[in-house]
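Can you read through this structure? Questions will come right after.
All chains are identified by letter, namely A, B and C, in their written order; residue positions are counted from 1 within each chain.
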Amino acid sequence: MDTKEFLKKLCTGYSVSGHEYSIEETIKLGFKKYADNINVDKLGNIIIIKKGQNNISKLKIMIAAHMDEIGLIVKSIEKNGFIKFTNVGGIDPKTIIGQEVIVHGEKPLFGVVVSKPPHLQEASESEKVPKLEDLYIDLGYDSEKLKEYISVGDVITINREFKELKNDKVTGKSLDNKAGIAVMYESLKILNKTKHKADLYFVCTVQEEVGLRGACTSTYSINPDIGIAIDVGFGSTPELPKYETIDLGKGPGITIGGTIHPKLREKMVEVAKEYNIPFQYEVSPSSTGTDADVIQLTREGIPTLCLSIPLRYMHTSVEVVNIKDIENTAKLLAFFIASISENLEGLLCY
Amino acid sequence: MNIKRGNLLVEFNSKLLKELVTTYGPSGNETNICNYIKEQIKNYVDEITVDNLGNLIARKKGNGKKIMIAAHMDQIGLMITDIDENGFLRFTNIGGVSPFVSLNQHVIFENGVLGIIAMEPMDDISKLKLSNLFIDIGVKNKKEAESLVNIGDVCVYLPHYNENENTVFTSALDDRIGCYVAIETIKNIKNYKNDLYFVFTVQEEVGLRGAKTSAYKINPDICIALDVTGSGDTPKAKTFAVGLHKGTAIKVKDNSILTHPKLRNIMINVAKENNIAYQLEVLEYGGTDSGAVHLTREGVPSGVISIPTRYVHSTTEMVSKKDVLDSIKLLVKLLENDLDI
Amino acid sequence: MLLKKLTEASGVSGHEREVRNIIIDEIKDYVDDLKVDKLGNLIVFKKGKENPKKLMITAHMDEVGLMVIDIDDKGYIKFTTVGGIDKRILISKPVLIGDKKVPGVIGSKPMHLQKKEERDRAIEIDSLYIDIGVDSKEEALKFVNIGDYISFDSKYTEFGDNLIKAKALDNRVGCSLLIELIKEIEDVSFYGVFTVMEEIGLKGAGPAAYNVDPDICIVLEGTLCYDVPQIDTHLIPTRLNNGPAISLIDRTTIFNKTLREKIAEIARSNGIPYQYRKSSMGGNDSGKIHVTKEGSITATISVPCRNIHSPTSVMSKKDYENTLRLLKAILNEYKKGEFISGIQ
C-alpha cells in the first residue's frame, strides 16, 4: 500500500489513548507483509519484528512511534441528553469550540460541541476561553435513548476528514503521531530490500499522550541495545520563533540533548550527509516530551535517539505535515539502521 | 445492615472498620496498621510476608494466574519540622493536605499526644497556606513540648468513627475502606480461581511507592486496586458521574491509569450477571496504586474497584454502607472468575 | 435534498451568487414574475386571489464567513470576518476559499508553546491565518486572490433524533421554507424576496422593501438557541423542539403586537407548537423593512438553531416541519381576506 494511503487509513480510524485496539487490525494488516512476526503485549503495544542477517552479537534495535491520539472522554450524561466531557492527553480548550465530534459508544454517534451565541455574550466574555468543564456535546437524543448507545467512559474524537493541500502537504487529525507510524511503515519497506545486521523491533506504542506509558513496558520487555523514537516536532509558522521550530519540507529533525546519545546522534548526521537526505537540528536540553525519555531510563539505561517529523498546529484537528518529510525520515531511519553493523562498544562509549 | 447475596451473607462489620480507621498509620509509618491487619487475616491466608518497604503481602494459594489485589494502608498526615520557643509545632504535609480543611482540627500522634491546628492572623484568609498554620499541644514551653514529641514525628487527624443506618462518617476512609473490602474478601471468599496476592501497600499517598516495589516483586498477571474515589452529588459539585448509594464504581480513567479495557469489561459483566449495582468512573485528577502496578516490568493489565466517597482527605469522609458491600461482592465474584484476558 | 444543497453552497454576505442560482433553479417554474434587483436581491411574485393588504415574505440568502485580505511571503493567507463571528470558533477548522473552493486550514499555536497568559485568552483574528499548503506568495496567487470569500468546510449531516447539523442554517433554513411555500401554495398573492447582505447590516432588505412596498411582511429566519442544562430558565432565548419562535423584540424592531398575537392564535387553533423568542438581542431584515417608505407591519418567525454563526449549527426537523405548517396556516388565513384589521 502507498504510504500516504496507509497514513489516511490510520488518521481516519480512532485510537484515543487506552483505546488503541481500534486500529490494531489496520496496523497488523499493513505491516504483516514486511515483518517476520507481529505480537501484541499486555498493554496493547504492537511489536513488529524483522530479523537481521548474520546477527552474531544479537543486536537489538527498537524503533518506537506512538499510535495513540489525544481525544475526549464522556464524564457524565446530563438530564437533557447533553454530555459533559474531559480530556485524554493534552487538549487546548480553544480547539474544541465549534467542533463536530464522534462519540465511540456501542455505535459511533455524531455530535456537536455547544456554544453560546455571540449575541448573548457580554463584551468581555468573547476574550476569555471557556474551560472544557463548561462545554457540552449535543448528540441529539434525550438521555434515556442516549444511554442505550453510550456510557460514561466512552471516548470522543473530532470528526475530521484527511485532506490533501498543495505542495505535498496533508492535513487531518492525529497526524501526531500517525505520521510516525507511517515513517516506520515506509522504513520497513526499504529495509525489506536492504541488508541489516540487527534484529529490529518496530513498536507502535500505546498511551504516549498520557504519560509515555506504553514505551515503559515495551522497552523493558525488549531490552534493546539502541532505542529510536519517531515522533512529530513543532513545524514553523509565522507566529513562532525560529529557534523553537523545524521547517516543513526540509527533512526530519535530529534531536540533540540530554536524552540523546551524542555519538549515536553524530552517526545519524553522518548517514544523512552520506545519502544526501535533508535534515535539521532540534534542540531539547532536558526532555524531548516523547517516548525517548522513558526508553533512555529503562532498566540499566538505553542509548537513545529521536527523529522528529515537522508538523504544524500540533494538537489541533487540522495538523499539517509534508509527505516528503515522512519519506525522508523513513530513508534516514532505514539507512542508519543498515549502517549499524559492527560491535557497538566503540560507538557507544563516552 | 446486611445484604444476602446468594450463599454469601455479608453483614456490615462496623467494629472492623472502626478499628481500621482508628489505627495509626501515616505514609512511611505503617507498622501499627500493618500489625493490626496481619492479626485480622492470618488465619485466612496461606502465606504472610512484610517486604523491605513495609508492604504486607498475604497469599491465598491457587493455580493459574497471579492476581494482585492492592489496598493502601497509609493515610495522610503532618510531619513536625520545627518546635518553637513556646512549644508550638510547625509541620509539612504527608500526602495531599488542605490548609482550609485542617484549620481548627484535632490531631493525634502515635504516642497519643493530642493537639489542635491553628492559624496565624491573616488579612486575607483566601491566601492561607500550610506554612501559616501551627499545632498547639497545650504545653508551656519548648522543653515540655520536646518531652512529648520530636521533630520528624507524624500526626494524623483525630479519628471519630460515626455511622447511621446507611452511611459511615470518619477520617481515614481513604483507604482503610479499601483495606476493609480486602479483609472481608479474604475472610469470606470460598471458590476463588487463580493465585491471589492481597497486598496492603505503603506510601500510596506520597507517590504510589509501595505498589511499585511490591508489584516488581510479585510480578502479577493482573492487578485490581481498591481505593476511594470522589462524588459528584453534593450541591454545586463539579460534574462527576459517581455518587453515594448508587453502587460500587468501576474506574475507567484517572490521572495515573486508563484501566485495561478487557478487564474493565469483565468487571462490568460480572457486576451485571450478579445484579451488583455499579457506576462508571472518569476522574479528572488523582491516582491509585494501579497507576504504578500497570507499568511494572512488562506491564500488568489492571483495573480498579472504587468506593464512592464524599469529602476525601478531610477529617470526616463519608461512604455508603451499601456501596461498600457492593464492592466486596464485586471483588469476590471477580476473583471467582477465570479473568481470561 | 434541498436544505443540503442550500447549506453546502457558498454565499457569504456580498457574494450570494451560488445560492441565488440554486434558488432561481428551484422556483422559476412556480412564479409569475422573477427579477434580480441592482443589489442582487431576488424578488419573485406569485399571483393569486386579490387582497387589500400586500404581503411580502422574505428570507436572507447570505451567511457569515471570511474574506481574504492579504497573502504573506510564505503563502499564508490573512483574513477578516464578514458578519458577526465569535473569533473563538475559528481555531482548528477547515475552510474553502473562493469559487474554486480551495481547501485550507486555520490552525493554532501548539499549546505546549503557549505562555500562561496566552492559554486563557482567545486569539485575535489578526494573529490567525489560513494554510493551503503552498510555500510562497507567488504560488498562493495561482489559487487564491485578495478579496476571495471564504466559507467553513462543513457538510450537511443528519444525526440524533431528527436533528440536522450544517453551516449557514442561518439563513438557508429561511430560504428553504420560502422555496417550499412558493412551490406548494396555490391561489395566494404574495411577494417572495430573497435578500442579500443581511448579516452585514440588513443592506438588501431596505431597497427590496422600497421596491415591493408591502403592507405586511413576514421575515423567515434561523435564530439563536441556547438551552444548555446549567443556564437559568429565563435566560434561554429559544429551545430546540419547541416549535417555531415568534419574535417579540430585538435590537432593530418592536414587533407589531396584533400581528404576532394573530400568528400565535393561528398556531394554537391548528395545534401547532410555538414559542416566543425571549431574547432582545440580535436583529434581522425586519429592522429595515418596517421603516421603509411609509412603513409596514412585520413579524419574524424563526427556526431555533444551536451554535448559530458557526460551522456546526444544529436544528430540529420537527421545528422545521412545524414552522412550515404554521406558515401555510397563516397564508390560509390571509387568503380569506380580512387578515389584520388596523395597524397598531
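What we mean here is this: a contact is a pair of C-beta atoms (placed from the backbone, for glycine too) under 8 Å apart; a residue touches a chain by one contact, two chains touch by 3 or more.
In this text, all values refer to a predicted model and were calculated from it rather than measured experimentally.
> If every chain is a node and each touching pair gets an edge, what shape is that graph: line, ring, star, complete or other?
line
> Counting only C-beta pairs in contact, which chains form the busiest pair?
Result: the chain pair A-C has the most contacts.
> In whole angstrom, how far does the Cα centroid of chain B sit from the Cα centroid of chain C?
Once rounded, the distance between the two centres reads 57 Å.
> Whole-Å distance, chain A centre to chain B centre, using C-alpha means?
Chain centres of chain A and chain B, defined by C-alpha means, are spaced 36 Å apart.
> Round to the nearest whole Å and give the separation of the Cα centres of chain A and chain C.
Centre separation, chain A to chain C: 41 Å.
> Give the residues of chain A that touch two or more other chains, as numbers and ranges in rising order.
none
> In the complex of these two chains, what residues of chain A are touching chain C?
Residues in contact with chain C: 78-80, 82, 90-92, 94-95, 97-100, 109-121, 126-129, 136, 138-142, 145, 158, 160-161, 163-169, 171, 234, 237-240, 244, 249, 289, 312-320.
> So in the complex, the part of chain B that touches chain A is made up of which residues?
232, 238-241, 252-253, 258-261, 279-282, 284, 294-301
> Any idea which chain C residues touch chain A in the complex?
Touching chain A from chain C are residues 72, 74, 76, 84-94, 103-114, 119-123, 127, 129, 131-135, 139, 143, 154, 157, 159-163, 165, 224-229, 235, 237, 279, 281-282, 306-312, 314.
> Going by the contact rule set out above, which residues of chain A touch chain B in the complex?
It comes out as residues 17-19, 21, 41-43, 45, 73-77, 84, 86, 88, 133, 151-153, 207, 210, 213, 216-218, 220-221.
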